[in-house]
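Each in structure tokens, the structures are laid out below.
First chain A sits with chain B, and in the next complex the same chain sits with chain C.
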Partner chain A sequence: MNNPYFDLLMWARGPAFNIALFIFVAGIALRVVEIVALGRKRDLAPAKGNPVAQGLKTIFTRSVPRKGLVAYAPITYIGGYIFHMGFFVAFFLFGPHIAFIDGLIGVSWPNLSRVIIESAVALSVLALFALLYARMADPVRRALTTFDDCLVWLLSLLPMVTGYVAVNKLFGDPTLMLALHILSVELLMIAFPFTKLMHAVTFVMARYYNGAIQGRKGAQS
Partner chain B sequence: MTATLERGLNALREQIDAPVAAFFSSCVSCGICAEACIFYRETHDPKFTPIRKLDLMRRLWRNEYTLFGRLANMVGLGRRITDDDLSAWEELVYDSCTMCGRCTMACPVGNDITMMIRKMREGMSAAGHGPVELIGAAQRHSDGSSPMGDLRKALRARVKHASQETGIDIEFDKQGADYLAIFSAQEIAEFPDVIAAMARIFKKAGVTWTVSEDAYEATNVGVQIGNRDIARLLVGRIVDTAEKLGVKGVISPECGHAYQALRWEGPNLIGRPYTFEVVHIIELLDRLRAQGKLKTTGKDTTRLTFHDPCQINRRGGIDREPRNLLNMVADDFIETDDAGTMNWCCSGGGGVGPNERANAVQSKAFNMKKRQFEKVAPDKIVTMCAFCHHTLEAQLDDNNMDIEVQGLTELMAEYLDDETWERGPER
Partner chain C sequence: MKPMLPELMQTHGVSRRRFLKYCATLTSLMALPPAMMPRVAQALETAVRPSVIWLSFQECTGCTESITRSHAPTIEDLIFNAVSLDYHHTLQAASGHAAEAAREQAMKDHHGKYLLVVDGSIPVGDPGYSCIAGISNRDMLKETAAGAAAVVAVGTCAAYGGIPHADPNPTGAVAVSEIIKDKPIINVPGCPPIPVVMTGVLSHFLTFGVPKLDDLGRPAAFYGETIHDRCYRRPFYDKGLFAEGFDDEGARAGWCLYKLGCKGPTTKSVCATVKWNGGTSFPIEAGHPCLGCTEPDFWDNGGFYRPLSVPAGDFRKVGLAAVAAGAVAGIGGGMLAHRNRAKAAAEHEEVDAHDLEKPS
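Here is the complex of A and B:
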């Protein structure tokens, strides 16, 4: 009870989380409305294929790299897969996270062992550094990189590092570390709608549109 | 801000819709689109990364169509687009993009970059930025009847010659024919044998068709330069003529962007569906094959490969059809790497070919095809777009590669099961 960081932890779990959640949800809703409200003209050319079916299919099939391209961007592809999978495993399948979500919305599911979660986090962090290296070393990626990309990189890294430190009590005060972990997630949530993190939502729309446009013509996507 | 710049930006604003916003919101700067683009792959110049060709459009979208962008704009933080920006982007939007569609297939988040480049060109051309060759062609085609000038006389002569050669009457403006055939200027000028080939195939298959001086030109420089008004005018000529003649369909010739313009953009340009169908010549031949109306005899024993035109396969959905046909007549058919949906562009599409400023980068881009052809070492390259045909011949010649190029319709006619032809033309 005398832990000086207890109040911080309570604040992070309580009011700060509520604020972050509100910005996260309202921000995403705003961004999605902002996109959808722009509308799309009805296509008057008679369809050859089924645009809706192919749009929906492409949401999934585009997760597989186009044949022959991995060899030209191996770090981006492999690093990208490892990072995303590791992040999702740690986020959704770690016991304390599931308990937290259960407390929030009353839904839970089985968790994975800590060894698996920690390996996933370690791989994810390594992947993030590999991706950063590719971003800096490769002229195409370096030229594309903006402040937004760097910020998103950092915001994705922080929750994993702070979470790992807090769970393993590596250094610092465990209560402080847990508070920092939660705060780093809140930072990610607040930034989400206004940075490239938003791709985690809009990629569904982008892939759908791509598949629907191609599918209408009977072309592959 | 000048009036033309403002006009260009307004044209660009009109192009921004939900898909564009979803695409820009989703880009994660991964650079994978570069690996798919022939211009980056053959030059290794990062400026040719496809999504960078859209930096200005993205800036406009962010400044004016996102909350944060609008706020930043209000306090004077949004960077405006200037006429110099547009000048600088001409090289990226026109000279180094054939609108081949490979980037659209590769982007992991699903961005249809090619479609956005097509849209970007609307803004560029409205602001007076476009390759002079395309502007000239647009002028000639709008004022006359073809981007190469007035080809009506030449068309008459080519049709007459085909009639004499085959002994088959080809009627102009025949009311109620099954199909109105239109051509690419390239065919009339360079590859007129396709007319005789069509005459023989259709005669055998019992298909009636006609040609018209009012609408014989299929190419549409409006969709290449990015000018909807011109594109609409040119498509409108074909639609008016087809509807006046009461044909069941219009045959889109062996030309990539013409198919794109007439089949997919056309109804949206004129604001209503057509009263006739648009069918690509190879689609039609494959249909006749399936109905047993296109029969061949004998096989071409030379080593053949096929070049997929981007606008017909990747962007047009015609992939199986040419292969069904080739398998009827080719004894030694070999595909190049990436053949089919992910085929590499001939290097001259999307207005790059006629654009002299792009000559140097185009010949570099052709190295991709060059290596692919060297690998399969064909005697002949078959294709289904007259402009690909023209580009391949020119580039092969520049590279001292002695490989014949042939249109698929002509190849099919060569092996048509046609006793009358073997005995000589009907009299």
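Here is the complex of A and C:
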């Protein structure tokens, strides 16, 4: 007699994870190497500023909103911050997730208590719905919304909801819910390199590039 | 006439008050309402000792050790003695032909009424892997189960195949339920099961018949909740306090064993509440993570000491291969883009306004 939930969990922890990991890692490597390999023409003009320092600085300064923009689009900015910080806390500071990273690459760090993690998850989920509302309420942004955007929204939501249900055993078999949580993360991993989720990696390159261009010209960025 | 329970109680020096306390505990254990306690006591007092045939197949005798290691004289021993154990390799005095004759006689005398208890899995790859008195396990199980009122599969080997069933399963081991399809089967998994759970299930069968079972054929009263839910270390999990090693400060302070591979969150059993050795302790209390032994295929769960959140496969090789494959594909993509750009530049034609106005 087999337990289908257990079999699903072992498939999620075994073959499915290997497939997701391969697509995730190979996809990111492909995208990053391709961008770097494209290169840019050498700028022969003498630099008026320090492009490297300005590029590095811009990676961080672009995380701070420009003056007046928070008041102009509060849901987008505040919701965006809450979602990103909540997701970061839930993924990187929950004990079982740290054990996962430790198992993968042998690096670990202290974790937070469950109540903080779950609060972060709850706020993130609320922020995601607020962001969806703001997007759909605005006719321009609604018209610009593509299938890719909706998919990314759903794939970002699912791991948090399934993780919350699995840890709290809100409903369903605990083994099944854990399997569904892991599978939802694997879906996110598979989609990551080929959707806007890739910004989690390319934002560093893009910000550095923009900052370095301005820095070379001696302008602020 | 075989003695009934009250006579046995007197023989063992057990008072009626103690017996009724046991019935109350049993009623609670079986998740029955308190009002059912008198019925449990009455059923146990008046039940004619049912014949029990205990078959041991591909097993380690751990299940028998478990049920007999309850220190005598306990009430569990009484219940064990309260049934007429007519055949059991380890416990019976008879051997050889006499032993088999006892089994055949019990089957004949109590046809349709006896309880069949099985521990150990059944090899079907080659029946010769495990025989008793020249009879293959499969044939003996079929023959004995034919006249049984019900079958109790004791231990994870009998319930789900257990360790013999572990990959690559060289003997083709299967559970009782894979072979017997026409009898009620109660699975009492565990490696081994808790003694009081085994006796509790037998008592329930004597009192009310087959208990309510879950999807895996386990009595819901004993396998309804995960060990994690009732574990005394659960508050440490909630606080994010985990032992990182078997001898670190966290382990000595009794912190959660999740990171040491504990399978409590996905394992259903009453280990954390009923415990072992008269309620003394259970594996997690002794400092070892739960192995998940009441679940099917627990032996192939990706490693006993690997946390549930850590992937079970050989992911490092996959990751390295992915880096290499992605980098090669990226370089290829970049080169292709360069070539396309060079090709476009080479094929570029200069045009003027007159050319643009020509009909195409």
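Operating definition for what follows: the second predicted complex is superposed on the first by the 217 of 221 C-alpha atoms of A that agree within 3 Å, B and C clash if a C-alpha of one lies under 4 Å from a C-alpha of the other, contacts with A are read in each partner's own complex, and residues count from 1 in each chain.
The criterion applied here is as follows: a contact is a pair of C-beta atoms (placed from the backbone, for glycine too) under 8 Å apart; a residue touches a chain by one contact, two chains touch by 3 or more.
Bear in mind that the values here come from a model prediction, so they are computed numbers and not experimental data.
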item	value
Contacts of A:87 with chain B and chain C, given as first, second, both or neither	neither
First (chain B), second (chain C), both or neither touched by A:209	first
Touched partner set for A:34, first chain B, second chain C, both or neither	both
First, second, both or neither for A:44, with chain B first and chain C second	first
Doubly contacted residues of chain A, that is, touched by chain B and again by chain C	30-31, 34, 36-39
Residues of chain A defined as touching chain B within the complex	30-31, 34-41, 43-46, 48-49, 58-59, 62-63, 65-69, 72-73, 76-77, 80, 135, 138-146, 149, 194, 196, 198-199, 202-203, 205-211, 213-214, 217-221
Interfacial residue positions of chain C with respect to chain A in the complex	159-161, 175, 177-178, 187, 216-217, 226, 228-229, 237-240, 242, 258-259, 265-266, 295-297, 300-302, 306-316, 318-319, 321-323, 325-327, 329-331, 333-335, 337-338
Interface residues, chain B side, partner chain A - complex	16-23, 25-32, 34-36, 40-41, 44, 46-47, 49, 51-52, 65-68, 104-112, 115, 263-268, 271-273, 277, 313-319, 337-338, 341-342
Interfacial residue positions of chain A with respect to chain C in the complex	1-3, 6-7, 9-10, 13-15, 17-18, 21-34, 36-39, 94-97, 99-100, 102-104, 111-115, 117, 169, 174-175, 178
